[in-house]
Amino acid sequence: MSKRKHRPKRENLLTSPGTLTYIGPDNELKTKIRKIQYSEKFYKNEAVTSLAECAANPSLEPHITWLDVDGIHETALVGKIGTLYHLHPLILEDIVNTEHKPKLEVYDTGYIFLTLKMLHVDSEEPLEISSEHVSFVTGKDYLISFQEERSDDIFNPVIERLNASVGKTRRNGTDYLVFALMDVIVDNYFLVLEKFGEKLDLVEESIISGSKRESLNDLYALKRELTFVRRAIWPLRDMINQLIREDNSLISKEVVPYYRDLYDHTMQALDTVDSYRELLASLADVHLSTISNRMNAVMKTLTIFSAIFMPLTFIVGVYGMNFENMPELKNPYGYYYTWGVMAIVTVGMILYFKAKKWM
Amino acid sequence: MSKRKHRPKRENLLTSPGTLTYIGPDNELKTKIRKIQYSEKFYKNEAVTSLAECAANPSLEPHITWLDVDGIHETALVGKIGTLYHLHPLILEDIVNTEHKPKLEVYDTGYIFLTLKMLHVDSEEPLEISSEHVSFVTGKDYLISFQEERSDDIFNPVIERLNASVGKTRRNGTDYLVFALMDVIVDNYFLVLEKFGEKLDLVEESIISGSKRESLNDLYALKRELTFVRRAIWPLRDMINQLIREDNSLISKEVVPYYRDLYDHTMQALDTVDSYRELLASLADVHLSTISNRMNAVMKTLTIFSAIFMPLTFIVGVYGMNFENMPELKNPYGYYYTWGVMAIVTVGMILYFKAKKWM
Amino acid sequence: MSKRKHRPKRENLLTSPGTLTYIGPDNELKTKIRKIQYSEKFYKNEAVTSLAECAANPSLEPHITWLDVDGIHETALVGKIGTLYHLHPLILEDIVNTEHKPKLEVYDTGYIFLTLKMLHVDSEEPLEISSEHVSFVTGKDYLISFQEERSDDIFNPVIERLNASVGKTRRNGTDYLVFALMDVIVDNYFLVLEKFGEKLDLVEESIISGSKRESLNDLYALKRELTFVRRAIWPLRDMINQLIREDNSLISKEVVPYYRDLYDHTMQALDTVDSYRELLASLADVHLSTISNRMNAVMKTLTIFSAIFMPLTFIVGVYGMNFENMPELKNPYGYYYTWGVMAIVTVGMILYFKAKKWM
Amino acid sequence: MSKRKHRPKRENLLTSPGTLTYIGPDNELKTKIRKIQYSEKFYKNEAVTSLAECAANPSLEPHITWLDVDGIHETALVGKIGTLYHLHPLILEDIVNTEHKPKLEVYDTGYIFLTLKMLHVDSEEPLEISSEHVSFVTGKDYLISFQEERSDDIFNPVIERLNASVGKTRRNGTDYLVFALMDVIVDNYFLVLEKFGEKLDLVEESIISGSKRESLNDLYALKRELTFVRRAIWPLRDMINQLIREDNSLISKEVVPYYRDLYDHTMQALDTVDSYRELLASLADVHLSTISNRMNAVMKTLTIFSAIFMPLTFIVGVYGMNFENMPELKNPYGYYYTWGVMAIVTVGMILYFKAKKWM
Amino acid sequence: MSKRKHRPKRENLLTSPGTLTYIGPDNELKTKIRKIQYSEKFYKNEAVTSLAECAANPSLEPHITWLDVDGIHETALVGKIGTLYHLHPLILEDIVNTEHKPKLEVYDTGYIFLTLKMLHVDSEEPLEISSEHVSFVTGKDYLISFQEERSDDIFNPVIERLNASVGKTRRNGTDYLVFALMDVIVDNYFLVLEKFGEKLDLVEESIISGSKRESLNDLYALKRELTFVRRAIWPLRDMINQLIREDNSLISKEVVPYYRDLYDHTMQALDTVDSYRELLASLADVHLSTISNRMNAVMKTLTIFSAIFMPLTFIVGVYGMNFENMPELKNPYGYYYTWGVMAIVTVGMILYFKAKKWM
C-alpha cells in the first residue's frame, strides 16, 4: 500500500503572513534558471547565473521573456525574483508552498498568477503518484514559471517547439505560451491516467477471477491515489473557465479557442477519473460479493460432509454397542446389510444435495 | 463480461494543439463521401470522388448542400475538407477524436459545430454497446456530417425522406436538416435501450428466481454498459437546450418546437437510463439478500443434522463402552429401549426445529 | 411481484416527427366525446357523435366549451380534432404518446398545453399501480381534455359540481376549470398513496416480526411502484410553479391562490412519497439486520450442541477402547463415575454459554 | 416502536376547494378564545364568550388586539372568525388542516399568514413526539393565533411577559409579538431535542456495550421520530428568511435583528437534528459490525471445540476397533500412552489457536 | 471513546430574547481584561482593573484600541462592556452563548461582529477536541475580543509581533488586526489536524494489520471528532468570503489579499478534513472486509478439520462394530490396511483443499 501521509503540511504556522517557507521534499540540487527570449523574428535560450540577468531586457525590440525557475526550495532566491518583478509577498508564499492547491489570481497591477500540479508516477507496483508544484506569473511580455527541481524537465516539448520553427507559439503572445505550458501538463495527466487504467485492468481481472487475497487493500490504495489525482485536476476546471470568461486584456480573443480546447481536455481527464471511481466502487461490491459466495461454498462443503458422515458414524456406532442381546450382530450377513444401508444413506444424501443444487 | 478498456484514449499528447490524430478502431474501408444538394424544387444525390467536388455549387439557384463524410480515419482528407470550408483546426481535431464527448460550439464566423454519439449494439450475449463518433458542421446553406465508417449508414431514413417527397425537410433550411439527423440518432437510443431492457428482464428473472450464479457479474457488466450509454446521451441535454436558447440566427423560430420535442425525447431516454440504474441497484440488493438467505438455509441444514445426530451418536457411544459393570447391557431389552430413547430424541429435535420454523 | 416492463415505449421511431402513434394498451372501446358548454347563466352537457359538433359554438352568448375526449387510441380522430382547433402536430404527438412525461407548454398562439398522469390502483395484492395519460389544451374560452378510455370517468365530480349549482367553477373561466380538473387528479394521488400506506403498514409489521420470508421482494416491488408514482407526480411541481409565475393572460389573478393551494397539495403528496421511500430504505436495513440476527441464532444453536456433545462423545469413546489394561473398566462404579463426569461437563458448558449470554 | 401511521391525511379529497375539514385527533374540549388587548399604556386579557367580542375594538386608543383561538376542531367557528376578519377561504382550509406543512404567505390585502408546528414529547419510553398545528394571521394592529386544543397553553410565557411589565413586547408592534410567539415555539424545539439527546445517549451506550438485542429497532424508531421533527422544523428556515428579506411594511427595521436571531436558533436546531442523524447512522454501522464480531466469536468457539475434540474422538475410535491383531492393545502402557498422545494433540491445538489469536 | 454529549445547549430558553446566559463549562477564574493601544508611533499594553478604563481614550493621537476580554462567564461584565460600546443586546447574547456557531454580522452603525471557534486538543488517547468560543467586535479604531478563560492565551503571538517592531500589524488598521487574529486561529486548526492525522495513521495501521479488536469504535469516535471540527471550520468559508465581497468601508483594499490568503488556508483545512472523512469511510470498509475475511478463514479451518476427521472417525467406527462375521477383523494385517486407507483419505482431502486454495 502506498504510504501517503495523513498530515496537512504547513510549516510557517503562527509566523507573520507572507513569510516564505518551503515544505516540499528535501532537495540537494541547486536551483537552475533558464531565460528564454523570443519574438517571431528571434529566439535566445540561455542559462542564468546571476540575479541581474533575470530581469527583462528592455533595450531589445519587442519580445517575450520567459524565465523558467527550476527549484523552489531556495526561498531566498524566489524572494529576490519576486522583488525584481514587483510580485505581492503572498504570491511568493503560494509559489513555495508545495501543498497549495491549484488556483488562479488576476492582479490589478497587470499580471496573472496561476499555480497547478504536474503529476508523476513514482512507482508502478504499487502505483504511487506524486505531484509537482508548478506556478506561473505572467504579464504582457514576460512569463515566470516556477517548478520543483526534478531530473526531467516537463517543459522541454514546448522549448523544442519554440526553437524548432516559427510556429503558433512564436507568433503569439504570453497568453499562448501559458496555454502551451498548461497543455503539456494536462496532456501529462492522460499519461498518468493511462498507467492508472492499466493497473485497474489488472486489479479488475484479479478480483473477478477471485485469485488474489489482498485485492481490497489494492482497491483502497488505488482509490486514495485516484482521490489524490482528482484533487490535483479538479480546480483546473474553474481556473480555465475563469481565464476564458474573465474580461481581461491578457488573454487575446484568438487564443480563447485554445483555452476552450484545454478546458475540454481537462473535463475529459476528470470524466476518466470519475469513471475510474465508479469502477473502483463496483469492484469493491464485486469483491464483497465474491467473499460472500466463497463463504457460501465453504459452508456448503462443510454441511455436505457433516450430513453424509454423521448418519454413517451413528450407524456404525449402533453396532459398536455391547448389548448382550442384539440379534443383528449374530446375523452372518449383518455386516454386509449394514454396508448396504450406509450406501443407501450416502446416495440419498448426495441426491438431496444435488436436488438443492449444492453439489 | 464486456471487455470495455479502462484507458483514456488520446494519442496526440504532447504534440502541438490542432494536430489531427485518429484514435478509433483500425479501419480498412476507404472514406466514402456523398454530396446531396436540394431545395424545395430539386434534389440531387451523388457520390463524390474528388476533393474539388466537395465544395458547394454557388452557380445553382439557392439550395442546401449536405456533404456526408463516411469515415474519419483518413485525417488528411478531413483536414482538406476543413480547409475548403475554412473550419478552425481545433474543430477538425474534435471531429477525428472519437473519444471526445458530445458538445456544441457556436462560432462567430457563422457556423455551428456539433458532435454526438451514435450507439450500436455490438453483441447481445453478453450485451456490448459501442459508440460511433458523429459530428456536424452547419452554416446557413451547407451541412457537413462526419461519421466513422460502418457497414450500415444511419442517415438513410433521412435521405429516403428527402428523396421521396417535398416534405418538411425539403421545405426547411439546414436547421431542420440538423434536427432530422439528430432525431434519427436519438430515436436510435430508444432501440438500444429496448435491447437493454430485454436483457434486464432476463437478469431480473434469473436473480429473483436465484437460479444463476454469475448474476452479480452480469449486473456489474450491465451497469458499466449503462454508464457508457449515459455518458453518451447526457451532454445532449445541455446541447439542445443551448441550441433553443442561444440567440442565434441559424435556428429559425419555426424549427424551435422540433428541437424542444427532441429535448423531450432526450429527457425520456435519460429517464429510462436512470430507471434502469435504480433497477440495477435494487437487483444488486436483492442478489445480496438472496446470498444471505441461502447461507442461512445452509447453516440451518447443518445445524439440524448436527443437533439430531450428535445426541444419537453419543447415546450409542455410551453403550459401546467396555465397563465390566454396566447393568443395561445385560438387560435383554436394553437394545430396544435404547432405540426407543433415540426415537424420542429425534422426534423431540424435529419438533423443536419445527417450532423455531427452521424446518 | 408486479410485472412492470423495463422497456421504453416509443413506436414511431425513425418516422417523420409529428407522426401520431398510439402505444398504450390495446383498447376495443370506441372513443367517447362529451361537449359541455356553460356560463354563469346556462349549462349544457351532450354526447358528441360527429366531428362537426366538436367545434365551439360562436353564435351563443359568451360561454366556455369543454370538449372531453375519452380515448386516444383512435389517433386519426385526435388528428382531426387537432386540425379543427389548429393545434401544433407535435402537441398531438404528445397527446397520444402515453409514455410522455407530464409537461406544460405555453404557445404564443394563445393556448396552453398540459399533460399529466392519473394514477390507478390496478391490483392490491400485490400492489400494482398504473397511470393514465391525461392532456389538456386550453384557450380563453375552450378546454379540450384527452384521456385514455377507462370504464370510470375521473372527471365526474367536476361535472357534477358544474351541473349542481352556480358555484365557483361556473362563475370563473377556463383557468379555474383547469385547476378543478387538476385538483381532482392530485386529490386522487392521495387515495393511491393511502392504499400504498396500508400496504406499507402490512409489510412493516411482517418485517419487524420477521414472520414472512419473501419480505425483501415485497419491499423491492413496493419501491418500484413508488418510483413509478414519484415519476408521475414530480414534474407537476414545476408545471404548477410555471403556471403561477408565467406572466400569461390565461391565468387570472383571482385564480392564482387556488393554483398555489394545488402546489401545496402536490408538495404534500411528494413529501409523503419521500417519507415512504425513507421508510422502505429503513425497512430494508431492518430486514438485513434480522437475517443477520437469525443467522447468529442458528450458529449459536449449532455451537452449543457441538460444544456439549463433542466432549461427551469423546468420553464415551475413551471407555470404548479395547486396551487390555484399562483399570477404570474394572472398577465396579466406573460406569457411574463416568456419567458423573459427563454431567459435570454438560452443566459446565451450559453455565459457560449462559455466562456468554448465548442461551 | 412508535406507531406513527403511514398514511397521508387529507379528508376533504374530491370536495370543492376551500371546504373546511378538520383531520386532527378527536377532541372533546370546547374551543377556548382569549382576547388580549395591549399598548404601551394598558393591558387587558379577557375570555371571549361570543363571536361578536372577537372583533377588534376601534373605539379604543391605538392598541394591538391578539385573539388566541385554542381549538380548531370546530371548523364552523374558525370559518366565522375568518369571515369577521375577511380571511381568504384557502387560509382557513390550511388553518384546520393539521397535516399542512409550515408555510408563510404574504397577502396583498395587508396580512401575513404563518403556520408552523409546535412539538410535544408524548411518551418517553419509547420516545414519541407529536406535533401541534399552530397558525398566525397578523395585520398591522391585530394577531389571530390558532392552535389545537391541548391541556397546557404554550403561549403562557409570552402572556406573562405582556402582563408583567412594559417590556419590549409591549412597546413594539405585532411584528415583535409574532416573533415572541415563534421564539417560544423554537425554544421548545430545543427542549424536545434535549429529550431526544438523552434517549440517544441511552441507545448509544446500549449499542456500544452490545447489551440489548432490540437496539436496531430502537434506532429505527428514533430515526423516524427524528425525520418527523426535521420535517416540522425545516420549512421554518425559509419562512423566517422570507420574512427578513421580504420588502414588506409589516416587519419594522428594528425588529429584523430579532428575526435574524430566531433564524440562527432555527439553524442551530436543524444542526442538532443533522448531527443526531449522523449519529444514528454511525450507530447503525456500529451495531452491524457488533453483530458480525459476535458471529465471528461464535464461529471461533465452534471451530476450536471441533478442532480439539474431532482428533481426540478419532484417536479413541482407533483403539475401539476390534481387529484381532492390534499390538498396541496388548501393551500394558498402551492406554496411558494414548492419553499422552491426546494431551499433546490438545495442547498443540490450543497453542495453534493462541498463535492465530482465536483464543 | 470520547464522551461528547448529545444535547443542544441553550439555557436561556423561554426567557425574553437578549437575556445573557453563559452555558460553557464552569469557570472559577476571574475575567482578565487587557487594553492594548497602538499606532505606528507608540504601543501600550496594560491590564484593566476597572470598567472605566475599558473605554477608548479619545485624548490621544489617532490610534487603535484593542480590548482583549479573557473570560465570558461573568455575563454582567460582558453586558457592561456592551453598554459602554453601544452594542446590540443580541450580539452580547451571541458572545456568551458558547454553542453559537461561527457567524459574521455587519451592523449599519459601523461595526462588524464576528464569532468563531478556537480548537484545542484536550486529550490525545483517546483523541478529544474541544472548542473555545471567540468573538470580535470591531469598529474603525477599536477591536474588542472575547474569549473563554483558558490558561494559555491564543493571541500571544500577535501581541508579541505588535510589541516587537513596527511591522505590518502596527502600520495597518483594525482590519489587519482582525485578520492577524483570525490567522492565528486558522493556523491553529492545522496543528489540531496534524494531531488528528497522527492518530489516523495509527488507526489505519492497526486496521490494515487487523491487530486490534476495537478499531471500529475508534473509527467511530474519530469520525465524531472530525464532524465536530468540520462544524467549527465550515462557516468560516462563507464568513471570509462575505468580508472580501461585502462592499464595506471597514476592510481596506490593501488588506483584501490577506483575507483571500486566509480564505485559501481555510479551504485547505476543510480539504484536509474532507480527505480524512473519506479515509475514515475507506477504513470502515476495509475493517468490514477484514472481518469477513477472518470469518472466512475460521470457516475454512472448521471445514477442513471436519472433512478430514469425519471420514476417519467413520472408518474406525466401522471396525468398532461387534458383528460376529466381519472377515476384515480376522485378517492379521487388517489393522495396518485400515491405517493405510485412512492415510489415503487424509492425503486426498488435503490435496482437495489445496486444489481449492483453502489451505
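Note that the chains are named A, B, C, D and E in the order they appear, and that numbering of residues resets to 1 at the start of each chain.
FYI, a residue touches a chain if its C-beta (ideal position, glycine included) is under 8 Å from a C-beta of that chain, and two chains touch if they have at least 3 such contacts.
These numbers come from a predicted model, not from an experiment.
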{"item": "Contact distance in steps, from chain D to chain E", "value": "1"}
{"item": "Chain labels contacting chain A and also chain E", "value": "none"}
{"item": "Centroid distance [mean C-alpha coordinates] between chain C and chain A, Å", "value": "44"}
{"item": "Centroid spacing, where centroids are CA-atom means, of chain B and chain C in whole angstrom", "value": "27"}
{"item": "Numbers and ranges of chain A residues touching at least 2 other chains", "value": "292, 295, 299, 302, 306, 310, 313, 317, 320-322, 326"}
{"item": "Complex contact set, residues of chain E against chain A", "value": "157, 161, 167-168, 179-180, 183-184, 187-188, 190-191, 193-194, 197-198, 200-201, 204, 208, 257-258, 260-261, 264-265, 267-269, 271-272, 275-276, 278-279, 282, 285-286, 289, 292-293, 295-296, 299-300, 302-303, 306-307, 310-311, 313-314, 317-318, 320-326, 358"}
{"item": "In the complex, chain B residues that touch chain A", "value": "1, 5-8, 10, 13-14, 16-18, 88, 90, 93-94, 99-101, 103, 105, 213, 216-217, 220, 223-224, 227, 231, 284, 287-288, 291-292, 294-295, 298-299, 301-302, 305-306, 309-310, 312-313, 316-317, 319-322, 326, 328-335, 338"}
